[in-house]
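Shared between the two complexes below is subunit A, which has subunit B as its partner in the first and subunit C in the second.
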Partner chain A sequence: MSIATSIEIDAAGLYYKELNAQIRDAVSEGALKVVLKNVTGQRYIGTNLYGTVDRDTLRKLEIEIHGTPGNDLGMFLDGPTITVHGNVMDGSGNTMNHGRIVAHGRAGDITGFSARGGEMFIKGNAGYRVGIHMKEYGDMRPVMTIGGATQDFLGEYMAGGVVIILGLTLKPGEAHYCNHVGTGMHGGMIFLRGNIEPHQIGTGVGMPELTDKDAELLTNYIAEYGRLFDTDVSEIKLEDFTKLAPLSVRPYKQVYAY
Partner chain B sequence: MRDLSMVCNPYNEDKVISACSIFGMMDVSGKPFSGEPVFRAMENMHDRGNGLGGGFAVYGIYPEFPDHYALHIMYTSQAARHETEQYLEPRFLVERSEEIPTRKTDGINNEPLVYRYFVLPKIPKQSEVTEEDFMVEQVLRVNAEIDGAFVFSSGKNMGVFKGVGFPEQIARYFRLEEYQGHIWTAHGRFPTNSQAWWGGAHPFCMLDWTVVHNGELSSYGANRAYLETIGYKCTMFTDTEVLTYAIDLILRREKLPPEIFARVISPPLWEEIDRMPEDERKLQTALRSVYGGLLMNGPFSIVVANGSQMIAVTDRIRLRPLTAATKDSTLYFSSEEASIRLVSLELDHVWTPMGGVPVIGKLGALPVPEQSTKRNYTTSTPVEVAR
Partner chain C sequence: MKIEEHQNNNPSKPAQRKASDFKIRSNRLSEFAVQRDYDRCIKCEVCIKQCSFDVHYRDEEDDLIKHRPENCVGCHRCAVMCPTAAISITPNPAQYRAHGSWSGEHVKDINRQAETGGVVLTGSGNDKAAPVYWDRMLINASQVTNPSIDPLREPMELRTYIGAKPASVKVKDGKLASEMPPQIKIQMPILFSAISYGAISYNVQKAIAEAAEELGTLYNTGEGGLHPDFYKYKDNTIVQVASGRFGVHPDYLNAARMVEIKIGQGAKPGIGGHLAGEKVSESVSITRMIPMGTDAISPAPQHDIYSIEDLRMLIFALKEATNYRVPVSVKIAAVHNAAAIASGIVRAGADVVAIDGFRGGTGAAPKAIRDNVGLPIEFALAAVDQRLRDEGIRNQVTLISGGGIRCAADIVKAIALGADAVYIGTAALIAVGCTLCQKCYSGKCNWGIATQNPYLAKRVNSEIAKNRLVNLVQGWSHEIKEMLGGMGINSIESLKGSRSQLRGVGLTSEELDILGIRPAGM
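What follows is the complex of A and B.
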């Protein structure tokens, strides 16, 4: 049986299990692009594709979503690229390994929750606890780029990875409105463009200078953001970024007795 | 009214992926509309509940009785009904009494008898009690003292419809497609710390005010102790009850604005208060001193309504989800944005309010998103809408 390399699924009225089963079937039959129309809150889209096809095929897979996908979009994502033409809700990229999530809208809470690898690009603002407990090991390092600003507890308990906040939705001179940034952070880095007061930042988080490697990483991701969302990023200057990184990899070592 | 046979997780599943769903829809122009989009939005969040509670509050449904209190009462037996009606008779002028129309619905079992009464209170001449306080006292007494009877709705020109089941089943059971209102709030329940029963479903109601609640109030004990010193009796086996009485105290009795109510239940942290301008700091310090016992701890998001406004607020560090949106003169609140998009694909604004910062829609005025997407302790200026 031959199948078109691109397949379209109308998600209207489909329960999330049925929708995800149809995506898996399409992929295991050889589809390299799956277009989902009329998505309204179906959870876990893109989850559990690992194992249905070989890893190389999975890395080439594109999932294009029209509508509003539900919580935990791309959970455990292990290769595909998910592009959302709309907003994403809570927990996108939950524990993702490889691949990419691109949202042409805003994102909800706990975006990039526990991510272990891969890339996320959010065009607009994001909610609470963005990047909570992101982590990294060896070559695996998740990088999340948010075009707008976020709400409180950005990078809470962050153990690794990179979060880049471009602050493009703030008015000129307006400070970031997130509080408790990096609370409990013990790994990874946050690069934040725009003004932020010391009281907005959690204890145990320092503001080291940008290194040459940081500058290279930022330059690449800013350019990619501009390309993906067709946005002029020429105004974004590296000197407008504050780098936030933990002062200690074990901030609570005094708290526990052994 | 203590049929507790339905307990959490009756099938002993080892993991139940669930959370409550809340939804609110208000046309601030005051135009009544069918609840059909609300039922669809709730059905879309089916998986957030587990079938152990669903309900709706609808405002503007009894225009033929604008001045009468509409008492919705559930009974476990005819005997409880007779006892209650004997109790009501000397205390109220009962203009009309009838069984609330229902239909046999799959998934709805052990249903109680449900009646409604349109009443005017007969307040003794020598009494100095206000009409509203008299009503509250009667509602609390029926609920506490008559076994097998429970008043679950007691406002004017509004009604609560609720029970054990999924919200879409409850809507069908109570034939809610036959009603039109200008505000609808809705709830799908996943009981966590208390057992499911018909009266424990949401919305909770006291006179015109209702609340639907996702989350839990870990401060229940402290809140209850505070409210009992003021005379409220907690009889409903669930944390949301203290929220209902806090609303009754602050919004109805003391007539404080919703902005103040939000600052009482979800106050800023002391370190934030320290950074406030002086008049703000004085106000917030006073609120924390006077209403310290009504600080609600733990994760929650709620939608509160009366006939003229609909308010959403979360706990101060936003541990439960809430999305607000507007389209023309309609305001939406939802646990999930997708449910709003399902019923209105195009929206003028959609946003996530900051923890503890209320979003307030009033007849004639929509909220401005920027006033709740950032933490800003100044009085809100709403967008005027023609009525």
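What follows is the complex of A and C.
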């Protein structure tokens, strides 16, 4: 292969269509690492890679972003790892299938919306409707770890997957400020570290005890969060987590007159 | 006469019926009456086996086939299948006292809700008697001047191209020199509209896909994902992206000739959908990529679309995901401001706008919404086409209209009003056996269409169903050609938006204005 396996693209002044076409060409020609410099709001990075290389190669692909990518980062992502040295905007990991998104900063609204697989790590806070309608299927289960806190409607309509909220940005004693958490939830789990009042949680959502499996999962993801962001996670205790899970997989069964 | 005699004038029979002879449900009057001609009945039990609603049963003690009319949904499966034609299903002659305001339907629905506290569900399309404007428009024909054309003798073009059209093209050396937006060539202006696997059975979706393939047109997966077996029909597939995002991933998006964003549906504008857990079988679960037995919930809005700008974002996300190879359609329900919304959709970059009228079908919808929300497609279509023309952007999209297209004449009228093509759904299901009993949501469809019960679903043979669909569309295509020929037109392109070919009967001047047609006689 003639091309270096790592390629750098200067995104300054490029329209998203052009930037994404350049990424697509680089991956088609065999790049396994694409470094994007000066990214300023270009949308859909990582979305257009279907058909470039085989599935296994796509799963090895790394995209490193310096700057601030635009909305729908990694939408429909199916394999690659995207690392962002900065904040991400709305819709990161939208309808993601496989892969990983790591953001060394904050995230906007609907982060991980409708994701069916893959992993997301957000260092700081995230916006509204995070993890909304996340799903899972077979061995595909998305896991989203957010270092800070989120706004309202966290995990609304959630049908599967795992959302972990570490609450590291909350001041000592400060409670979570998100309302309507898990409204319409009928699958998956939310683990929330820090205080949350029952009135902040949607109806139909229960607070079961953590199982051994939950503890193992949390421990692994907390450790990975610490490693990725070079953060001391030793003070994060499992007993500080509240688990939220749906009471029924058929929340709307009683709604209708048959 | 003494009362005792009256009660028991046949000493061989006990005075009281058995408990099993009594209605099993509520104080509602049965909607249908089941009449069984016992002289004809051979007790073969076909009716018992055919009915999933437990209407017919054998009474061992009396050695008779009996029925529970209160369970009957009026699908007529038993009557059709009875080998001796012993059964007839009729509207129950016993009705509540007639009332100009409170129909029997209102009374029954109130009882249903008083018993359950729930939302009244229904299936199929709006069955109310709001005017059907297709029936109030008449088509022109040539006489003497501009001679009519016989499609059996002369070429007649129904070929339709789906996709955005540029404002101008350059031609060099007799060849197109401009880069065209993606186009799909279909052989007639008729597409099969979105019906998900989940709402309908595997065999029916397979039949529709194969019919589209044979006819050279497209079918639409609906929002239920694409079964692995159906990827082979990709050249004739439209995949849908709806609020549930079921089974949406790069393979799915790239398996299609067109991607359609479903914003709304004529049968239930403004609300989402819930595929009941009972219908999420193993195979449906594979297709939707959700666990078996869970409710498949499509939220009312798409949570990444709260504005036209957001819609543009999703349109271009899909274009990126498919590398700009395929047109992107946006489907909306016909609602009051459809024209302004459609304008926004075009400006958001859609290649196709699909408008679904309030008679469009559904696998399940609250009856209050199905029967009361939305607009007749005739008005929405005319208003959208006019608005896009006024704004000079009509060429930027293909306009597909659906929701209540019943026959070839409706299609001719739709195209004259401004549509490029039509979606047919209910008509296709009728072609494979649907009798419009409207119980699609129950999952118990006796005709094997709207069910995932393997015992019921195997009643549809996909090859026979495919042939019936092909026959229907071919028949309609021939009728369209005849009507075009009658107008002296030899190409469907020449009919598009040609409202001068239509005249209204029995319409107010405002209605005529909205439809953009003149009254008959003028």
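Here is the rule we go by: the second predicted complex is superposed on the first by the 255 of 258 C-alpha atoms of A that agree within 3 Å, B and C clash if a C-alpha of one lies under 4 Å from a C-alpha of the other, contacts with A are read in each partner's own complex, and residues count from 1 in each chain.
What we mean here is this: contacts are C-beta pairs under 8 Å (C-beta built on N, C-alpha and C of every residue); 3 or more make two chains touch, one makes a residue touch a chain.
As the structure is a computational prediction, the values presented were derived from the model and not from experiment.
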{"item": "First, second, both or neither for A:Y225, with subunit B first and subunit C second", "value": "neither"}
{"item": "Touching partner for A:D152 - first (subunit B), second (subunit C), both, neither", "value": "first"}
{"item": "Which superposed partner A:M89 touches (first subunit B, second subunit C, both, neither)", "value": "first"}
{"item": "Which of subunit B and subunit C A:R43 touches, first, second, both or neither", "value": "both"}
{"item": "Subunit B versus subunit C as contact partner of A:H199, first or second or both or neither", "value": "first"}
{"item": "First (subunit B), second (subunit C), both or neither touched by A:Y177", "value": "first"}
{"item": "Per-residue contact with subunit A, leading partner among subunit C and subunit B", "value": "C"}
{"item": "Which superposed partner A:F113 touches (first subunit B, second subunit C, both, neither)", "value": "second"}
{"item": "Touched partner set for A:N71, first subunit B, second subunit C, both or neither", "value": "both"}
{"item": "Subunit B versus subunit C as contact partner of A:G127, first or second or both or neither", "value": "first"}
{"item": "Shared subunit A contacts, counted only where both subunit B and subunit C touch the same residue", "value": "16, 43, 71, 90"}
{"item": "Complex interface listing, subunit B residues touching subunit A", "value": "44-45, 47, 271-272, 275, 317-318, 321, 323, 336-339, 341-342, 350, 352, 354-355, 373-375"}
{"item": "Subunit C residues within the subunit A interface of the complex", "value": "112-113, 115-121, 243-245, 248-251, 253-254, 274, 276-277, 285, 289-291, 293-295, 297, 299, 303-304, 313, 316-317, 320-323, 441-442"}
{"item": "For the subunit A and subunit B complex, residues of the former touching the latter", "value": "16, 39-41, 43, 67-71, 86-87, 89-90, 106, 108-109, 125, 127-128, 151-153, 177, 179, 199"}
{"item": "Residues of subunit A defined as touching subunit C within the complex", "value": "16-17, 20, 24, 43-44, 47-51, 71-72, 75-76, 78, 90-91, 94-95, 97, 110, 113-114, 116, 129, 132-133, 135-138, 140, 156-157, 159-160, 184, 186-187, 249-258"}
